[in-house]
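Shared chain: chain A. Partners: chain B in the first complex, chain C in the second.
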Partner chain A sequence: MSKIEMRGVSKKFMARREELLALCDINLRVEEGEFVCIVGPSGCGKSTIIRIIDDIIKPTAGVVKVDGVTYDNSLPIPRELVRKMGFVFQTSNLYPWLTVRENICLPLKIFGLRGREWAEYADFLIDRAGMAGSADQYPRSLSRGMSQRAGVVRAMVHRPEILLMDEPFGSLDERTRERMNVELLDIWRESGITVIFITHNISEAVLLSQRAYIMAIDPGRVIGDVEIRLKRRDLSALSDYHFVEYCDYINRSIGSIGLEKAI
Partner chain B sequence: MAESSRIRLLGEGWFGGLAVQVALLGAVLALWYVLVVGFDVPEWQLPTPARIFGSMVNDFTTIAPHLLSTSRNVLLGFFISVALGLSLAIVIYFNAPVGMTITPFINLMCIIPLITIVPLLMLWLGFGNEAKLIAVVLQSFPIVNLNAFASFSNVDPLRLELMQSLKATRYQTMRCCVLPDAMPGIFTGVKLAAILALIAEVTSEIVGGNTGLGAQIIQYTQYMKMPQAFACVFYTALFGALFHQSLSFIERQLVKK
Partner chain C sequence: MSKNDFSIQEVFGGGLTEVAPVSELRVDGKKDEKLKKVLYPSILLAVLIVLWEVCVLAFGMPQTVLPSPFSVARALAVNFKSLILPELIFTLEIIAAGYTISVLAGFLLAALCSQSRLLARSAAPLAVMFMVTPTIILIPIFMVFLGFSPIVRIIVVVLQCVPIIMLNTLTGFMSIEPQQREMLAAHGCSRRQILTKFTIFNAMPQIFTGLKIGCVISTIAALGADFAMGKEGLGYRIKISSSMVAIDMVFATIIVAALVGIVMFEIVSFIERRVIVWKRGG
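After this line comes the complex of A and B, so read on.
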């Protein structure tokens, strides 16, 4: 049984009294412990897909199945399922009135997860992310990279089984992004968590994922998926022949449906 | 260069700001004194600041019960207004149909000049504290409500999305996200309400009533006791300034943005 499955999912938005088809007949599967990237041009509905999975927005049609629980546009998802998912936003989305530690522990407060065990786990993650020194500061004193790191820790503090990441490192400089990617891979290997990672950066998708779903625009749809088998998943893979081939394949797939139209 | 750094030093920090304010106030009082003495203005028209301060000290025992009555009504009315304004804003935020029904009436209450309804309140409720209290609440709660609701509505959608992602309850969303995010806007309304509450109370006392600083100002003016009348005006201003500063202090403690 797949960890996450979307069948025939469509989403329409109302824009200026006109219906806009953002997603059309999305079908995808993610296995347990898999690292999947969804890659495509801006505006193709990548972020909408993980918001539908996380039940932040409802699909217009189709069903989503997560960990054996099915939901659609009429059924709310059970609270136990919410706890199995962690969401990382494009920006760190830390609350400026809370300290870094309070921000990180916010999901524990919302889910009512009290006790020493949870506090210790939060401290462990803060320490692991190298944020012990800044945990009692307010977010305004953090760099963008550190803020984003806090956003990732917050998404993991309640021990989710699925991590949904919406272009989390898109606003970082190249060097910081590479470092964060490597750290994310370490976390994934250690925890065995299932990850869906949204990006428009093809090389990032190839470096990180075991499978990449390729999306096209107007309307947003999946045009294919590619299984990525790299011998190594670290920065040295960037110069690997297969890495370049995968990037080229995805680039041509997106280009074949008219990248110039998307841009 | 030296000139600009001296100007910066004068107004720098809390103490610097206070020093500039005190110096400005001293200059205004000195000018007042010079003009009254220089032009030989009679006391029944405008007393010197020294006579007013003298009256503030000498007539304190006479003025104190009225100061107490005014401040009690203002504080009570203010707290009722904040509680009512905030609670209604929360209700409206979560129930759009309720909001669409009652918001026009709240807007109307902001527009109607208080002075037009105080005589009616006195007619219905008498010259006691009830009419004044209602006047204070009617004047100050709409501004709390409108500012609070506007601030709730302008909460960053991404911050709300985090709450949606965690499937937070309405109570959790309000407590952990909406209220803290809206706090600066709420305090703008609360501080305006404090000013309006004092204006409403003194206006009501002037229109009708035997107690309160407003009533005393009218009484002293009728007997040409201008130093005492001005002493009441000064006490009113002093109370207003202290009230406002206290709220600013609370705001600084609560708003961490």
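After this line comes the complex of A and C, so read on.
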């Protein structure tokens, strides 16, 4: 049984009294413990997909199945299922009135997870992320990279089984982004968590994921998926021949769709 | 070196032979800033007072037109206990009662309106209408029902003050960034959790803005009511002194009235700094 499954999912938005088809007939599967990237140009609906999975927005049509629970556009999903998911946003979204530690521990409060075990786990994650020194500061004193790191830790503090990441490192400089990517891979290997990672950066998608779904725009749709088998997943892979081939393949897939539309 | 250039030695006292740690410099800098905040306006005020005194002496202004600062200070010292203090206490009581009711009512109304878009859309224009209407003009109507009761003055303060506090608080409650809203949705937060863990804290800066403006407005409204209703209060003392051509006394009472507003404003600002600690950084 797949951890996440979407069948025939569509989403329409109303924009200036006109219906806008953001997603059209999306079908995808993510297996347990898999690291999947969804890659595509800006505005193709990548972020909408993970928002539908996390029940932040409802699909117009289609069925979503997460961890065996099926849901559609009617009722809110069960709280236990919400707890199984962690969400990392494009910006860190830390609340300025809470210290970094309080921000990180916020999901524990919301989900009512009390006790020493949880507090110790939060401390472990804070240490692991190298944030022990800044844990009692307010977010405004953090750099963008550190803020985003805190956002990732917050999404993991309640031990979710699924991590949904919406271009989390998109606003960071190249070197910080590379370092964060490597750290994320370490976390994924250690925890065995299922990850869906949204990006428009093809090399980032190839480096991180075991499988990448390729999306096109107008309307947002999946045009293919590619299984990525790299011998090693670290920064040295960037110069690997296969890595370049995968990037080229995805690039051509997205590019060909663009060309068709232009013609 | 141009006139505008200055060295760190000049800023921190000129005698630094060793470079102090950055943290110490920062603390010194903060103290320096605090001192400047008090010192500069005080110097300007002193200069204005001296200019005032010089003008009165130089142009031979009669005391009934423009009294000298010295005679205003004398009027204040001589009459404070016997004439100004009782009126001050009366006006303060009106302001305290009116402001407290306004804070509670403004906060409650904003909380209600934030829960219903329809209510917010209906109430906001009315609040704006009350905000821009000087409620002193309603005093004759209230007096028909309540006579010279101090309740009339409290109503005037409340009607003028509530819209300001309500609208600012409501703006705070409603100004949630879409991403922050999504963050709450991603955790499946309940309505109560959203209110207690997010909305109130998010609205704090706007709430305090409303409270600070409310201080000024409540003082103005109370003084206006004193003026219109007579008999008691600082406004009445200004009016009666003016009719007796005791201009030094008018100035003395104005100074006391201004101090009431300033002290109230500073108290709320102090509480704001203690509550909104995250704005101070670190």
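In this section, the second predicted complex is superposed on the first by the 258 of 263 C-alpha atoms of A that agree within 3 Å, B and C clash if a C-alpha of one lies under 4 Å from a C-alpha of the other, contacts with A are read in each partner's own complex, and residues count from 1 in each chain.
Everything below uses one rule, namely that a residue touches a chain if its C-beta (ideal position, glycine included) is under 8 Å from a C-beta of that chain, and two chains touch if they have at least 3 such contacts.
Please read all numbers here as calculations on a predicted model, not as lab measurements.
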Chain C versus chain B on the shared chain A, clash or fit after superposition: clash
Contacts of A:Asp54 with chain B and chain C, given as first, second, both or neither: both
Contacts of A:Phe13 with chain B and chain C, given as first, second, both or neither: neither
Which superposed partner A:Ile110 touches (first chain B, second chain C, both, neither): both
Comparison of chain B and chain C by chain A residues contacted: C
First, second, both or neither for A:Gln137, with chain B first and chain C second: second
Touched partner set for A:Val82, first chain B, second chain C, both or neither: both
Intersection of chain A interface sets (partners chain B, chain C): 54-56, 77, 79, 82, 85, 87, 89, 91, 93, 95-98, 106-107, 109-111, 138
List of chain B residues in touch with chain A within their complex: 158-159, 161-168, 172, 176-177, 180-181, 183, 255-257
Touching residues (chain side chain A, partner chain C) in the complex: 51, 54-56, 76-77, 79, 82, 85, 87, 89-91, 93, 95-98, 106-107, 109-111, 137-138, 140-141
Residue numbers on chain A that touch chain B, as the complex places them: 54-56, 77, 79, 82, 85, 87, 89, 91, 93, 95-98, 106-107, 109-111, 138
Chain A partner contacts - residues on chain C that touch it in the complex: 179-180, 182-183, 185-189, 193, 197-198, 201-202, 204, 276-279, 281-282
